[in-house]
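Letters A, B, C and D name the chains as they come in the text, with residue numbers starting at 1 for each one.
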Amino acid sequence: MSTPEVVSLHPTPEQYAYAFGGHAPLLTVSPGTIVELSTEDCFAGNVHGVEDLPSQVCTFPFLNPVTGPIAVEGAEPGDTLAVHFVEIVPARDWAVSTTFPHFGALTTTHSTAMLHPALEERVWMYDVDVAAGVCRFQARRSGFSVELPLDPMHGTVGVAPAANEVIMSITPAAHGGNMDTPELRAGVTAYFGVNVGGGMLAIGDGHARQGEGEACGTAVEAAMRTVVVVDLVKGQAPPSPRLESDDYVMTTGSAKPLEDAYRMSQHDLVGWTSALLGLEELDAYQLVSQVGLAPAGNVVDTNYTMVGKLPKSLLGTNQAYDGLHDRLRGTAADYLRQR
Amino acid sequence: MSTPEVVSLHPTPEQYAYAFGGHAPLLTVSPGTIVELSTEDCFAGNVHGVEDLPSQVCTFPFLNPVTGPIAVEGAEPGDTLAVHFVEIVPARDWAVSTTFPHFGALTTTHSTAMLHPALEERVWMYDVDVAAGVCRFQARRSGFSVELPLDPMHGTVGVAPAANEVIMSITPAAHGGNMDTPELRAGVTAYFGVNVGGGMLAIGDGHARQGEGEACGTAVEAAMRTVVVVDLVKGQAPPSPRLESDDYVMTTGSAKPLEDAYRMSQHDLVGWTSALLGLEELDAYQLVSQVGLAPAGNVVDTNYTMVGKLPKSLLGTNQAYDGLHDRLRGTAADYLRQR
Amino acid sequence: MSTPEVVSLHPTPEQYAYAFGGHAPLLTVSPGTIVELSTEDCFAGNVHGVEDLPSQVCTFPFLNPVTGPIAVEGAEPGDTLAVHFVEIVPARDWAVSTTFPHFGALTTTHSTAMLHPALEERVWMYDVDVAAGVCRFQARRSGFSVELPLDPMHGTVGVAPAANEVIMSITPAAHGGNMDTPELRAGVTAYFGVNVGGGMLAIGDGHARQGEGEACGTAVEAAMRTVVVVDLVKGQAPPSPRLESDDYVMTTGSAKPLEDAYRMSQHDLVGWTSALLGLEELDAYQLVSQVGLAPAGNVVDTNYTMVGKLPKSLLGTNQAYDGLHDRLRGTAADYLRQR
Amino acid sequence: MSTPEVVSLHPTPEQYAYAFGGHAPLLTVSPGTIVELSTEDCFAGNVHGVEDLPSQVCTFPFLNPVTGPIAVEGAEPGDTLAVHFVEIVPARDWAVSTTFPHFGALTTTHSTAMLHPALEERVWMYDVDVAAGVCRFQARRSGFSVELPLDPMHGTVGVAPAANEVIMSITPAAHGGNMDTPELRAGVTAYFGVNVGGGMLAIGDGHARQGEGEACGTAVEAAMRTVVVVDLVKGQAPPSPRLESDDYVMTTGSAKPLEDAYRMSQHDLVGWTSALLGLEELDAYQLVSQVGLAPAGNVVDTNYTMVGKLPKSLLGTNQAYDGLHDRLRGTAADYLRQR
């Protein structure tokens, strides 16, 4: 096995994309390449303090910048683009979260339209200490403060959509996008169905940490220094993005209402389990029903996301994608050792 | 502190209830009483083998029997009935799960009405080994078999509803009922708002284990031997049932669509967090958004259930309900030691 | 054909029911009986002017009183109870509508739970002129005023539910209840599946008129003098209430989310059309898709209601329930002529 | 007033678009121009008989072709593009409807994902008689046949979306698109918020008639000869498309779940009513609640559509958009007279 190539992708502010689809690649790589990249936060770096209200300092539609797209050589429609997250590290010693008018799970929005005035727009700044592995929440209306463990992840990862669509980066759908699940952390491999030549991977929306559901609409938003291995599986495109950690195979569904997101994620989990274990479909349905986990991803975006999780301990010697995750873990370990 | 009273409740088949509300108490206890009780499975014990299709051996509405109601002396509307689960042990060396026509997350139902014929009705029998802590899944259409860890829980726990309603035991709502969340396991305290004198607690629908969402509509259904401590908090009725384990305070929401169940659970989690930490509401919203967990309970019943979870590590010295959970843990430990 | 019996039912305030199920009959009639009855408004008559805020003058759960139940001799589970509305006349020269905290389509509610304070609670009084056939809307924050046509209807009509449930009168479901559709006006026959002996019909929640959806949560609420013919069809219980006017056969679905209410109503409309025209199911699906109407009933109650409508002009000589609607129209015409 | 310019737009097969956004204009017109145009059916004309199953003769994503875009001179973001439908006439003496695997309200779909096999894919051919004003439904599994009134409309009308998105023509959203409401018939003016220079109007998906909800997923699909007047209002962009007939002002909401589509349409109807009548917001909410109509548009597409309708009889002398609808009616009448 040859040493994988390592390349860098650090966009200038003008190079960020704000959509999936419709962009020429910023970078083209061969399968197996390690990419060191940087991402800006979902506010495009415009919120620096509690006085910087997003509705004033950000400009629609320049929200949620993504780094990419990265074209993968040989990727064709129907293939599976695999992205292994080697490392996700906050790039600054601060991060930020906010409410935003008409955005969030516990507020009227443009679609859940009501006659209430918007909730107060408010900014929370978090101190980030990468070495200690913590960020600090500081209440705005009292002296309460508490350290929270860092658990860095990317809210937005995806490929160019089908049917030549160009979809805002804040939308999660079959192509991936803004799924906002804390499961997308370092050590995880994500699988996306390829819709266009090259696949066109893009990554953004780093979170120092995030609760399941992302209730207020934003996580602990942070610019990131991220390392990924980009790889390719011929064929086998999943209907929606899949994830794999050392312990779980995971499916996602992004839709409204939330039960449809659940149905999509469980439907694919049943199908994947059936394929991995050679189980007839209803037998797989039964097994998933008793062992599957189903955490919320986001319940705030233009589509909601649910995740389905099956413990890999049930798989015995069966491996997803012919053991690709383990091989990418090995690549990542080598990279981290030699860096 | 005096030794708590220990009483037993083992209903005859005729004594099971199939609804919350409208029943005279089977038992009346003083707050703090330990109750040793038995529950039948959701099929009322009528499914004994793979040939026993529920639609043939069960009779509507005699599904999902509950044990109770148990009246608690002094419980008045607006109070909080606390139930600590000391022990939940499968009563037999087998358990059962099934599909059922027009029931489940991945099938047309009477409300998600479609023109498809019903999915096949099928029964899976599980061997249960309490000593080893496992149950065994056996596929019906292949030789695949796998041991799953026991994680016993009750799908159905609740009190009499408000407004003199009588609600089938298969419905989860503000009074509790069939929430079907795996979080309701031994070691957990559940809190219910009291709507009628005595509260009228009932418990049923034991599961040897269950996945989040209960996708196929039934878990590993088992008759149970269960021990609870029943207690009372004056006032402080939560809007929907709350749970507390050693590690988490938890809220529930039961509604459709699933995002409303999520909203209810998160709304109460924000309010509870605000009260426990003295946080202003938006500050609590922010904190919950970054640290809360949001697993599905069920996505198959007449209402769907979502759970909101906050790690108690964030609470410092603040305790829910004045430390009742810890005291009930102590009571449980004493009981188990002395039994 | 003998002259139908005419009986009266004018409950005292203590006699109103607030739920479907669990009540002894106020009246027992033989099939074909004409019943002259009175109903109180949904506020139990407690709102008399713009200063009478419902949250202050009404007492939960004494909301939405219904007149009944009326037992029908010979009605058994599986039968169809038919109610023809001969006349619905406002009983007073005023009616009332309000907003109500956490109730309505454009406000946070207990299930669509948000962090907004409740919208303002406000009362609108309407002058009702039965002779002229109008009621008058008067804005509260300006001098704007406009006459609206009377279109009297009952928001709440139903029978005792299945499974011995007792369901608040504000809930619409398979038993009928608070469907809040303007289609339930005089000249219409409603069909309900019987769940218990006698069926146990109850009627309430008169509206001088109502928009589709009942967006603010209440209609132009009015006490009513109503005349119905109560009849019985053996067997043929519909899955949810059906309606029939001179021009349309109509189905209903009451569920959440609203698309499930739509699905239920269309599913039954396909089935009914198939039965009436002898069409194979997909052929009926096709025909309904091109000619069916689908107005909202309510989008505010504990379940939402959609209505499916098929023009009877398509039915040729085929008649629903063997022409019962036409016969009841005749009975009604005779009654009105002879009164 | 000068005579309006009349121009034609008859695309070649290669010129059809399949998305809103991302296309250079096929035609540029000044405000007030009459455009005579032709549209192909949603199957791109590939279904000619009952043996032509869409899944075999159509090629994704070449479904639902639209004619355009048409740029309007002077249209800038924030403006309102007005389209008055002068005439919509089926171009052929036949039309077609079908079921389609995983598409429709009463079938499992990719988002309401279930384990059922797809419903049968079936084609119905309709004879169209424009002179007689009818089309004929012919059952496929029996001899039943019935004439239905023609009520031609366009399912798909819209402008380029905001944020540089490119959205498949089968999706309805804030930019319009595939709303599939029978209200979009000749005699109606539609109003769209402009997002990009020129607005970029496109029109397609003619229906010889359609039921509310479009339950089976397709209407009586027909190529059309259509005449529109395209006009421009500076500013006043509505949040979602609005419609105006001689009798009603109408709003739309396209979202999932269906109650959100209802909320959006009613929210805008409240706001528009408030503006037209000078009513305070809650007063407008009250009035709309009592007089508004709320029919389903579609309950099958990637977003669902609800329509809100207010009778113009309530408006007195107040006119939407300064009487533009009436002026365009006049323009249309002149055109039809002089043609």
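One rule holds for everything that comes next: a contact is a pair of C-beta atoms (placed from the backbone, for glycine too) under 8 Å apart; a residue touches a chain by one contact, two chains touch by 3 or more.
As the structure is a prediction and not an experimental result, all values here were calculated from the model.
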Given the touch definition stated above, what is the smallest step count connecting chain A to chain C? 1
Of the chain pairs C-D and B-D, which one is connected by the greater count of C-beta contacts? C-D
Cα-centroid distance, chain C relative to chain D, in whole angstrom: 33
Could you put a whole-Å number on the gap between the CA centroids of chain A and chain D? 36
Expressed in whole Å, how far the mean CA point of chain B lies from that of chain D is 48
Would you mind listing the residues of chain D that make contact with two or more other chains? 106, 112-115, 119, 256-257, 263, 266-267, 270, 282, 285
What residues of chain A sit close enough to touch chain D in their complex? 18-19, 21-22, 60-61, 110-115, 162-168, 239, 253, 255-257, 260, 263-264, 266-268, 270, 281-282, 285
Would you tell me which residues of chain A are touching chain B in their complex? 97, 99, 105-106, 119-120, 122, 124, 137, 139-142, 144, 146, 148, 209-220, 256-259, 262-263, 266-267, 270, 277-280, 282-283, 285-296, 299, 304, 306, 314
Quick check: in the complex, which residue numbers of chain B touch chain D? 106-108, 112-117, 119, 257
